[in-house]
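In the two complexes below, subunit A is the common chain; its partner is subunit B in one and subunit C in the other.
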Partner chain A sequence: MEIVVKIDEIVFEYGGQPSDDGENIETPPNVALDGVSIAINKGEFVAVLGHNGSGKSTLAKHINGLLQPKEGMVWVKGIPTSDEEKTWEIRQSVGMVFQNPDNQIIATIVEEDVAFGPENLGVPPAEIRVRVDEALEAVGMTKFAGNPPHQLSGGQKQRVAIAGILAMRPDIIVMDESTAMLDPIGRREVMAVAKRLNSEGITIILITHYMDEAAQADRVVVMNGGKVVMEGVPADIFTQIDELKEIGLDVPQAVEIAHKLRLGGIDLPKGIVTGNQLVEALTNVNRN
Partner chain B sequence: MSIEIKNLCHYYGKGSTFEKKALDEINLTIEKGDFVGLIGHTGSGKSTLVQHLNALIKPQSGNIIIDGEDINADKSRLKAIRTKVGLVFQYPEHQLFDMTVYKDVAFGPKNAGLSEEEVDERVKTSLEMVGIAPELHQKSPFELSGGQKRRVAIAGVLAMRPEILVLDEPAAGLDPRGRDEILGQVKLMHEKLGITVILVSHSMEDIARLVNRILVINGGKIALTGTPAEIFSKFDELEAIGLSSTQTAYIMRDLQAKGFNLPNNIFTVDEAVATILEVYLHE
Partner chain C sequence: MLKVTIGQYYPADSFIHRLDARMKLLCTMIFVVVIFFIGNFLGYALAALYLVVVIRVSKVPPKFLLRGLRAILFIIVFTAVLNVFFTPGETLVFELGFVRVTQEGLLAAGRMGLRLVMLIIGSSILTLTTTPIQLTDAIESALKPFKKIGVPAHEIAMMMTIALRFIPTLIEEMDKIMKAQMARGADFDTGGIVKKARSLVPLLVPLFISAFRRAEELALAMESRCYRGDVGRTRMKQMKMALRDLGALISLAVFTGGLFILNHIANIHGIW
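== the complex of A and B ==
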């Protein structure tokens, strides 16, 4: 399998700013990433979990070179993010969608916003037209192409933000809590788009607080205190209920119900993560 | 401290070509001591509605009556009304501004002209209520974690001793532990102080385990009202207006569809576990 993002032993610190006289260190540095290594395969859907301040957003910003590690290296498609001449190439490969939809949309018309990226890349106008249409189609926003963005719902705005990235033809999309400010339907819309793009071959790295979203990923990475503390398929991660609660996280409700039913004496198989799996398992138990 | 809303309407951009009806003939009553959940998709009118409750927005038509008093009738009463109704906005930590946690929380009571002792007492009890330890009182609020900052901001509202507390998505953007801390404290305050709480949230799971009554708003109108059991069994109605029931409620519904004989009103984890165990233990 081809590795598209390789993160090797990276360390990153915030703060540690020298005082005005330039001599003393005013605040001690705050270690945000403490030796993180992750390899992400082409076409994978990876969810990154962790409480506020665990380092997940700092990690995300390393993937397209917005931040550079103090120690260690990050490669995107084999290019080190420290190579300044390749910064634009990397940012074209790795698109970022952030939390607040209102901070990411700049144009006054949806399709102009989507065109902003390719315009800046110097893509010829005819090609831009094609890319914008395809990108809006891919996120289901074609009929809003001529609308001003402020009339859209949060979920629709995030889909426009994703379209703006798609128009740059990325290989990887990093979603940094992109569903955190959305209502349930907005979350569902954005997750559906992410999953569809993933099925078409785009690698998705989803940073989230929502356990039900992480449960849909191929692989889950759990961060705590700037380190990767767990890594595996959702079924393996979410069965470690006590460990997750210990670091301030949660499990999907289906997992919690399954866990408590097992404690109550119902013999359920391991690895139940979603509601459908739980319903299926309970149906089978009943038949025995 | 009951709240009565009568025929409330509000338009944004009234008279312009962008005129949008944000609230459309809202009529409702909230009883003293209620813990009410207000749900609706983005843009449904939730925030516009709650901003009317302490006269931040004045009704373009209709009335807001709190404890028998029309809050917009007499301008000189506004200060007293805003003390009664504490409003915690979305991302309230953006409103922190003072040098220390203590001073930030003291700002409101000081401006209300209270004595130094009274201010001190209120600051300390409010911070204790939101679970901020005394050793953090002299820290800059900007050195705190996201969840702590938000609790300090809520303490600033509590220090005004509101009888009605309105929280607009207090857990948005927090991790599960931060969320449980804030909501746990809100529940505790509701139980201990008997204040009326109105909670705006996108999390059906949080609403399900906290409130005793739900108001569903859609397109500026009250679409549904009822107990959590009544509301969360209306899957189709909720989905039609961009909401959903709880994860647990869907599991229970799917089990029913598979032929399990289960009651209709289960929407929290613990209830689900108890009911499923009972069904299994009886077989």
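== the complex of A and C ==
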């Protein structure tokens, strides 16, 4: 397996600013990341879970060099993010989709916005046209190419943002809580696009606090207080119900239901994390 | 949802709409300069005729142009009135106390009024037939020659684009804040102008805070998409001059030539 992102023992802290009352006493720095190490393989779908303030968004911003760690190193495709000459190369390979769909669309027309990334990279005009059309097709937004973004729904805007990233031909897409501000339909749309892109070979790093989304990943990394506290396949993570509850996280609905059914005496197989798996297991129970 | 129209673009498929935005910008600027050199009413008649032809070709309904005029009617009337009273002249039309109205004053007022009306109509045709994006691109390329003396052409265009992009978003947000405050008993509709203005303060503070937060997030998103100013940047949509753009320029040249001839004739024969 080829490792595309390697995060090695990174430490990051915010703050150290003077306090609000104007006195020159520095507030103690707020440690956001405290020795985080993760390696992500090519083509993997990794979910990073954690409640607010767990450091998961700070981690995301380290992957494309928006933030530099105080200690430790981050490599993207073998290039350290601290290499300033390679910053643009790294940002081309690592696309970022942010939380607020309104604050990441730059142009007044959908297709112009999708073209923004390749324009910045200096791609020839004819090639940009091709890439924009392909990217809009990939997220199913072709028929909105000429619309102004403020007429779109939240889910549609996030799909446009993903298209804008795709047009840069990235290897990795980091979704920094990209579904947090969406309604259930928008979330489903965005997740469907992410999963399809992943099946086409793009590495997806999904930062989220929705358990049901994390359950669909290949691997789950759970963060708490700036540290990685659990790591593994969803089936292993979500069966540790008590540990998850201790750090303020819920388990996916399907896991919760399966857990209660087992307690109620229904024999269900281990490793149920998604709704579909639960439905399948329950139909088998019926047949027996 | 709130219906927001940016600029005043009138979508239609006409010769003027299809013209290159840069050419339209150039022609508009030439036209504006030329009408300030018209010295007689024959010239204004010709300019009016030219404008009427352009409006017909552009397929923009005249009422859209008149709407633009209505907004600045006050300024036109005010300027004209000032001209009537403050133009020195010999030929007295009537006098009332210290108010002297002279023939020269009336003529100057008429000229100034006509100039302003034509200036507004001329530039309205530009904004009515050009999308804000095309206009921004045209302004960017028009400013490009001044880059050497430090005019940030690309940055100005980028700021305009972002402003255009965020106007609807911020209007929507303001609407939401207003409703939230109305729900808690805020009153935006009654009272005098001072009270109304004061009631806007609690609206503007959250709006500004949010605008700054948006700006910060947008900057991060732009950086993530490799934005680094004008360095090595290409554009998807290339602007191309076509034969019709040359045609437009020629028509303007013919009009300008006609005006100069008229001016000359008027000077010889002493026409106003």
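Assume the second predicted complex is superposed on the first by the 276 of 288 C-alpha atoms of A that agree within 3 Å, B and C clash if a C-alpha of one lies under 4 Å from a C-alpha of the other, contacts with A are read in each partner's own complex, and residues count from 1 in each chain.
What we mean here is this: a contact is a pair of C-beta atoms (placed from the backbone, for glycine too) under 8 Å apart; a residue touches a chain by one contact, two chains touch by 3 or more.
As the structure is a computational prediction, the values presented were derived from the model and not from experiment.
**Student:** Looking at the overlay, what does A:52 touch: subunit B (first), subunit C (second), both, or neither?
**Tutor:** first
**Student:** For A:248, is the partner it touches subunit B (first), subunit C (second), both, or none of the two (neither)?
**Tutor:** Once the two structures are laid over each other on A, A:248 reaches subunit B alone.
**Student:** Regarding the shared-chain residue A:199, is it in contact with subunit B (first), subunit C (second), both, or neither?
**Tutor:** It touches nothing on subunit B or subunit C.
**Student:** Look at A:82 in the shared chain and tell me whether it touches subunit B only, subunit C only, both, or neither; answer first, second, both or neither.
**Tutor:** Once the two structures are laid over each other on A, A:82 reaches no partner at all.
**Student:** Just subunit B (first), just subunit C (second), both, or neither: which does A:276 touch?
**Tutor:** Only subunit B is touched by A:276; subunit C is not.
**Student:** Which partner chains sit in contact with A:261 here, subunit B, subunit C, both or neither? Use first/second/both/neither.
**Tutor:** So A:261 only meets subunit B here.
**Student:** Touch test for A:177: subunit B only (first), subunit C only (second), both, or neither?
**Tutor:** After superposing on A, A:177 lies in contact with subunit B but is clear of subunit C.
**Student:** Report, in rising order, the residues of subunit A that make contact with subunit B in one complex and with subunit C in the other.
**Tutor:** Residues common to the subunit A contacts of subunit C and of subunit B do not exist here, since the sets are disjoint.
**Student:** Show which residues of subunit B lie in contact with subunit A when the two form their complex.
**Tutor:** Residues 40-43, 145-147, 172-178, 202, 204-205, 242-244, 246-248, 250-251, 254-255, 258, 260, 269-270, 272-273, 276-277, 280-281, 283 of subunit B touch subunit A in their complex.
**Student:** In the complex of these two chains, what residues of subunit A are touching subunit B?
**Tutor:** That would be residues 50-54, 99, 153-155, 177, 180-186, 188, 209, 211-212, 248-250, 252-254, 256-257, 260-261, 264-266, 275-276, 278-279, 282-283, 285-286 of subunit A.
**Student:** In their complex, what parts of subunit C are in touch with subunit A?
**Tutor:** Touching subunit A from subunit C are residues 4, 6, 132-133, 161-162, 164-165, 168-169, 172, 213-214, 217-218, 220-228, 232-238.
**Student:** Hey, which residues of subunit A end up touching subunit C in the complex?
**Tutor:** That would be residues 61, 64, 66, 88, 91-92, 95-96, 98, 100, 102-109, 111-112, 115-125, 128-129, 132, 148-150, 161, 164-165, 168 of subunit A.
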